[in-house]
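Per-chain residue numbering starts at 1, and chain names A, B and C are given in the order in which the chains are listed.
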Amino acid sequence: MNIFAQGFQWIFTASHWTDVNGSAGIGAQILFHLQYTVIALFFVVIIAVPLGLLIGHTGKGRAVAITASNVSRALPTLGLLALLILVIGIGIVPTTIVLVILGIPPLLAGVYSGLESVDRQTIDAARAMGMTELQILFKVEVPLAMALLIGGLRAATLQIIATVAVAAVYGGNGLGRFVLDGIAQNDFAKAVGGAVLIIVLALVVDGLYAIIQRFAVPRGVSRGSVGRKHAARGGSIPVVATTRTPITEGQ
Amino acid sequence: MFARKKSLILTGVLATATAVALVGCSSSSSLSGNDSSKSAGTITVGSANFSENVVLADIYGQALAAKGFTVKYKLNIGARAVYIPALEAGDIDVIPEYSGSILSYLDKTAAATSGADVASALTKALPSTLVAYKPASAADSDSLNVTPAFAQANNLTSIGDLKNVSKWILAANPEFQTRPDGIPGLKSVYGLDNINFQAISDGGGPATLKALLDNTVQVADIYSTTPSIVDNKLVTLTDPKNLFASQEVIPLVYKKSASSKLESALNAVSAKLTTKDLLKLNSEVQGDSKTDPAVAAKAWLKSAGLLSK
Amino acid sequence: MQWVWTNFDKIWGLTLAHVGLSVIPIVAGFILSIPLGYAASRSRVARSILLSVGGILYTIPSLALFFTIPVILGTSLLDPINVVVALTVYAVAIMIRTATDAFVSVPADVQDSARAVGFSRAQQFFAVDLPLAGPVLLAGVRVVSVSTVSLVSVGALIGVSSLGSLFTDGFGNGNLPEIWAGIVGTLVIAAVYDILIIAVARLLMPWNRRPARVRAVATKAAHA
């Protein structure tokens, strides 16, 4: 399709990498996009990981976490952003708040469902060997849950990368800028180019996670035996499975 | 046991299918209704994505409804680059426009800046699918505004004075970046080559104002009829070289939907609408009362004698 | 708060529009994902293709999709159908993965037993695979429902009315109560959908009442 060809042509125009209509070029906007993502991800991790470990290890508060996750999924990004910008003003703060709210549920779910996927007998065995609760958590549960944990992080990251694009709607930076400016300026090559860049960025990051996941999972642990476990338990909700659970291979 | 489950599932599948069929029916009629059932008496009124234009669209729509048209609305469509193609395709039939801006959008080389020149140039520049009716005396144009403190500190009165300010950021809609009377015009007409741009898509609305007041940006493009300019004692930089063209409110119409009945209804609105009315409408909608645009529009139409009840 | 009461009619109208735009993508996404997910669970090639395509589709920014679909379908830019199609694409993109997981989760020995008893392919699908995949499918459709309801509002950026119009309007006028009304309205719709979906699921899958106690009671009631 012609318009897509134009989009690619726009991307491969060398000058666009440093300057687009006198403002930040592709290079700078990719950095902005990653900057928003990393900052948001930092807060997501320091909130969701401890919380997820607590829920997963103790088995308490799961219902609350699921409800809270679902509510935050239902929160319309656009409305939240409009509200925060009117209250705080444009800039990185309102965008980050929105991204953090959206990023927490997938990671939280990844962490606690990861811990829950660990076989109870393994944990009992560790306890019988005299391990403390903390030792059980970090030496047994976390390594065994690693696949789902990283799966959750992966989902959170991709969610954030996709949402940064929307955050440009009312006046932020990042690759979404090209999409919105292109639309407003009747420059559809720019809009399509921006959309393609966002997709490529997401795919590259997704690929990196796939590699990390391969190396971070202890040997001997099947990557993601989630599906079967959950079904065996009468189908509790594998929230993480709905986003990016590693698929059980070869069954 | 299997048989029982099977019948259950079958019921389930049937129920779902019925539900889908029902949903399909009801929604298809409501979704495609605005296209397929377009009779001569149905008019879709559109608007750009800023407050004043929404109120104007409501005024047009209600005035037409009072004359017996069936009116549909597509408000907050977006920038000109989005709604003009929609108008040319007949997806919307009427939109309130601003004579100067639409002229420079249609004719990138347009030089006309005064009211009469703009009107005649616009007639020539319009594509064959569109027609413009009579402009109102109500005018609203782009205007560059700074805070009193910033104006004083940098000795600013006119747009050209910005040339000597070392570091400043300009906030406006994204299209301002490439519009002929946007940054390109500021460069060529006023020689400003030191512009840093911040896109904020609210047409000089509350978020732009907030950014200006908290010094995130130093210069803001705010439409001249916006009450916040006066409310916050902003300094509007003068435009001695008339970069921002005369901007009378003008109804732009999809030609195939044009009729004398439509024309007389919209011209009647233009005949009554003044700049003062715009200011008042804007302060009702954007000010503390936050009157709904449709409600404010109705009140104005009544006061102008265009709506009886 | 005053604003909400004086403009209740407007909010209600937009709520209905929001419902109208969100129902089809949820239902269509669910139905389309079942054959796709089943195919993906049966063949490794199909799985890798479907899941990567789903993954890519999901990363397309919604606004970009709203503008691309008219180019592909030849519909007009402001047609609400664009939003419906875009949201259906997202729904399928999310749901394929869940549906695949759901069918993969059906224990192989149960499938073997079904075959051993002489079930045909279709019988096995409708009587064994689908019901056993049901609980995971349910979880997936709940997520799809919630995210669809929240995404509908982006359509307001291209003039498709929904509760999202309260965001664009409210942002333009600096009207916080209006934006709040839109957010709360969206959450309420999402909650109502969730309750409806769970109710339908209970009806279709009476064996899936989660707490064991309830299940026991249900069985007893069924036998009584």
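Heads up, the rule we're going with is that a contact is a pair of C-beta atoms (placed from the backbone, for glycine too) under 8 Å apart; a residue touches a chain by one contact, two chains touch by 3 or more.
From a predicted model like this one, the values you see are computed outputs, not experimental measurements.
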item: Those chains which touch chain C and also touch chain A; value: B
item: Chain pair whose interface holds the most contacting C-beta pairs; value: A-C
item: Chain A and chain C: spacing of chain centres that average the CA atoms, whole Å; value: 20
item: Computed distance of Cα centres, chain C from chain B, in Å; value: 34
item: Per-residue overlap in chain B, given as positions that touch at least 2 other chains; value: 78, 82, 202, 206-207
item: Interface hub residues of chain A, defined as touching at least two other chains; value: 85-86, 169-170, 180, 183
item: Residues of chain C whose C-beta touches two or more other chains; value: 156-157, 168, 171, 174
item: Partner chain A, residues of chain C touching it in the complex; value: 44, 47, 51, 55-56, 58-64, 67-68, 71-72, 94, 97-98, 100-102, 104-108, 132, 134-136, 138-140, 142-143, 146-147, 149-151, 153-154, 156-157, 163-164, 166-168, 170-171, 174, 176, 179-180, 182-183, 186-187, 190-191, 194, 208, 210
item: Chain A contact footprint on chain B (complex, rising order); value: 78-82, 171, 173-175, 177-179, 183, 195-202, 206-207, 210-211, 214, 216
item: Complex contact set, residues of chain B against chain C; value: 2, 5-6, 8-10, 12-13, 15-16, 19-20, 23-24, 27, 30-32, 35, 46, 49-51, 54, 73-78, 82-83, 85-86, 89, 91-92, 202-203, 205-207, 285-286, 290, 292-294
item: In the complex with chain B, residue positions of chain A that touch it; value: 21-23, 85-86, 89-91, 169-171, 177, 180-181, 183-187
item: Chain B-touching residues of chain C, taken from the complex the two chains share; value: 3, 6-7, 10, 20, 23-24, 27-28, 31, 76-81, 84, 123, 126-127, 130-131, 156-161, 165, 168-169, 171-175, 177-178, 200, 203-204, 206
